[in-house]
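Dropping the structures in below, format is structure tokens.
The same subunit A turns up in both complexes below, where it pairs with subunit B and then with subunit C.
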Partner chain A sequence: MIGWFPLFLGTLALVSAALAVTRPSVVHGLMWLVAALLSLAATFFALGAGFAGAVQILIYAGAILAVFVFVVMTFDASPPALARERLRLKQAARWPLLMVLALGLPLAFGLWGGAVATGLAPGGRVPVQAVGGLLFGPWAVAVEIASFLLIAALLGARHLVRRDPPTDSERPAP
Partner chain B sequence: MTDTFLIGMLVLAAGLFAVGLFGVLARRAVLFQLLSLEVMLSGPSLAFVAAGARHGDPAGQGMFVLVLILAAAEVALGLALYLRMARTADVTDSDSIRDLRH
Partner chain C sequence: MTPADLTAADLTALAPLIVLGVAIVVSMLLAPKADAALVRYVAALGPFAAMGIAVMRLGTPSLPMPALLVDDGFARLGVALVAATGLACLIFLRPALPAREGPPLMVLATLGGAVLAMANHAATVFLGLEIITLSLLALTVLPRSNASLEAAYKLLILGAIGAAALLLGFALAYAETGDLSLRAWSGSGMLVRLGAALLLAGIAFKFSLVPFHMWTPDLFSGAPPAVAAFAGVASKVAVAVVLIRLAAAPMPEPVWSTGLAAIGVASILLGNIQALRQPSLVRMLGYSAVAHSGYVAVILASGAPLGAEAALFYLASYAPGLIAAFCVAAGMGGAPMLDDLRGLIWRSPIAGAALALALLSLAGLPASVGFLGKFYLFTALIEAEAWALLAAAAVGSALGLYFYMVFMVTLFRRDDTPRPTPQFQTADTILLLTASGMIAALGVNPNPLVNLVRLALP
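Moving on to the complex of A and B:
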């Protein structure tokens, strides 16, 4: 039955994500994040959402991960630093776990209580044309706001990583 | 796709969100917290795409695109802030950000 396939791929994504956030070394974490994002893309394909799957591979696993990889070089990956990180995660894990449980239990009860029943007809594969028609038709304002957000983020990132010009005292004498 | 499978997908989406939340709360390295935020944002996008597939509605994938744009903006600004902090104050740890007040 085809319904099991997205469930299997989604479970794969969940396990990879859990591994990604618990690795002491950031390179290992990033590799597991790639695995999680790619299996999520496969889940989207299996759900019949081909556009979302392609965009997930191109932007998430491609662009966003590439940005992360550039920044990895600032991370201290020596063995003592990794051991410290492992110990710190072990000590700090209890309260976040309780917090996540407290958040997750009502969510799960809500799902099994049958709260997802809607009056819409079940559908199948969503064509890309429908997504494009939606984004550039009724949702054009949302897309414009999203483009403003991207420009603001671009300018902010450009401003933040700019190197300060040397002050007068640092400048070599002519 | 029946309702049972949709519920399964929503449980997976909630699990992804919970894993990301755990990462944000439990890790102290800023890079790992940003990585966990990505995991956190992928949970809702899975929920949107699964619900869109269940009802044959393109709105699910439309919302996914908007979530993706939010994630891209967030990671660009977050990493730029992180680089700035690492360069000017040698901070790679969200605990030591507290010391920057003084």
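Moving on to the complex of A and C:
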């Protein structure tokens, strides 16, 4: 087994994530999201994947949360808006809850079933060198392919943020 | 491996990805300043070269590939079909100028399909799927109309759920086997089975199978027709190659086959029933695309020895019909209704005849290549003695016959109301003539296509 500490942190992450989606106030939800992301990062550290943990903090808890904070400034947080949000949550909670339960079952089974044999070496530590060696060694082609994923995102974003619809002086296509 | 370690064999095997990548980068850099037609020509060189390389290498022995990718017959046929579709869709991609990003994005989607066809590892499967989804998403919002935004939102959110299910599936299998390659599923523990179920759900999203098909009709009616054609043909070919590889893994049974058969049958029935009363050509094609995915799914679920060949032939035979139908839709403003099509064959003989042939092929009637696809479907199911699946496929085909014929008959009805004539550019007309020629010629003599598909089999 992997020990109680990662399990405790994982549970913390799960509870914070549940609270993040059920808070009616978006600021509270965001705070719980930070808690969830940080406890997830701590789980990674506890499991020996320090690099994944650092990336989790830098990118998710850092960069992405900063974008969220900018968006939050445009939201309505008055009491009537909160009441409306509470009502919506109550109406819409059923299916997501069911889905979480369905996904949680295998995890619970993995924890308490005991009979599950895993092919993973427990307690191994993955140093940054190993990750880098993999990414810039045998997986180099996959890294190159991933760069095209970024190009796709970049082109899509460039198209979406263009404000003025350009003039339609399109010449006949080939 | 550093670049210096890449051997000539590696470069040969990677050549389709390299030419697509170069075409993407060059056309992307040209897009803001250069002439729109030039950008499109440069972009088209990528899929054209990739298709040529893949077809030429069909039947040659497999080369060793860098990790995560594989170079075999399925990969080459998959790349060839994806690149051919990408090239065809590039021709009638509209609107071209307001969105100069269009051509590079279409080549990006082609690259994603090619990666998927070569993938033999969870990482490359995920990368390929995400490249396709992201570029289709951006292509969908090219017109920035309300319908296209709605379609894009559905694709974005449902696609994200599908990707999450896929990743969770891979993670559960990894927890048990400690391996992320597509051969890792041979374990039989509980985690591998649950992982397989989640993987199936994730793939069903991308393959637009019921109940994960909700985005398909909206995408087909909201996105530019070229994008819908790409989603309907190329991404399905690529995902079908992944499904064939997974079936060879082998997947934990009975989860995999039963699940695939169940959602396949549901897709055939629901897709065809919902297509029955659609007054819009593209929405009808959207629902019928769900049904066509269902046919491919039941072929692969039946476990027939002919399965891989039949599934690939089915997708290849259905491609020219769908592309021609969408090209006509693009010429008629994107989303023609049944009434707009009335008497089309008298107003615009080439477009009318091409659409008629396309509908004939999609319905699977004789003298069109679609008939051979249906023939393969039924042969595979009979060979596997999968009678329930065969019954579902037969009922679905009969229903399909009805709604395709409604549109077909409308094309020939004369009336006196003046209606707009569709606008086609020269390249569109050439594409329509090529697709119609393929439908008719391969319908009479399917041997070239059969031989092509057989070259891909191990």
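Following the convention adopted for this analysis, the second predicted complex is superposed on the first by the 134 of 174 C-alpha atoms of A that agree within 3 Å, B and C clash if a C-alpha of one lies under 4 Å from a C-alpha of the other, contacts with A are read in each partner's own complex, and residues count from 1 in each chain.
One rule holds for everything that comes next: a residue touches a chain if its C-beta (ideal position, glycine included) is under 8 Å from a C-beta of that chain, and two chains touch if they have at least 3 such contacts.
Quick caveat: nothing in here was measured; it's all calculated off a predicted structure.
When the shared chain is aligned, subunit B comes close enough to touch A:Tyr60, but subunit C does not. Of the two partner chains placed by superposition, subunit B and subunit C are both touched by A:Leu149.
Of the two partner chains placed around the shared chain by superposition, subunit B is the only one that A:Glu85 touches, whereas subunit C remains out of contact. Taking subunit A as the reference chain, the count of touched residues is higher for B when subunit B and subunit C are set side by side.
By the touch criterion stated above, A:Leu14 is placed in contact with subunit B alone, subunit C being left untouched. Once chain A of one complex is fitted onto chain A of the other, the partner contacts of A:Trp139 extend to both subunit B and subunit C. By the touch criterion defined above, A:Asp76 lies against subunit B but remains apart from subunit C after alignment on the C-alpha atoms of chain A. When both complexes are overlaid on chain A, the residue A:Leu160 reaches subunit B and subunit C alike. In the superposition on chain A, the residues of subunit A contacted by subunit B and by subunit C overlap at 103, 116-118, 120-121, 139, 142, 146, 149, 152-153, 156, 158, 160. Residues 3, 6-7, 10-11, 13-14, 17-18, 20-22, 26, 29-30, 33, 36-37, 40, 43-44, 47-49, 51-52, 55-56, 59-60, 63-64, 67-68, 71-72, 74-76, 85, 88-89, 92-93, 95-97, 99-100, 103-104, 107-108, 111-112, 116-118, 120-127, 130-131, 133-135, 139, 142-143, 146, 149-150, 152-154, 156-158, 160-161 of subunit A touch subunit B in their complex.
For subunit A in complex with subunit C, the touching residues are 103, 106, 109-110, 113, 116-121, 136-142, 144-146, 148-149, 151-153, 155-156, 158-160, 165-166, 168-174. Of all the residues in subunit B, the ones that touch subunit A in their complex are 1-16, 18-23, 25-29, 31-32, 34-36, 38-39, 42, 45-46, 49-50, 52-62, 64-66, 68-77, 79-84, 86, 92. Of all residues in subunit C, those touching subunit A in their complex are 1-3, 14, 17, 21, 24-25, 28, 35-37, 40-41, 44, 66-69, 91, 93-99, 101, 104-105, 108, 111-112, 115, 123-124, 127-128, 130-131, 134-135, 137-138, 141-142, 144, 168, 172, 174-179, 189-191, 194, 425-427.
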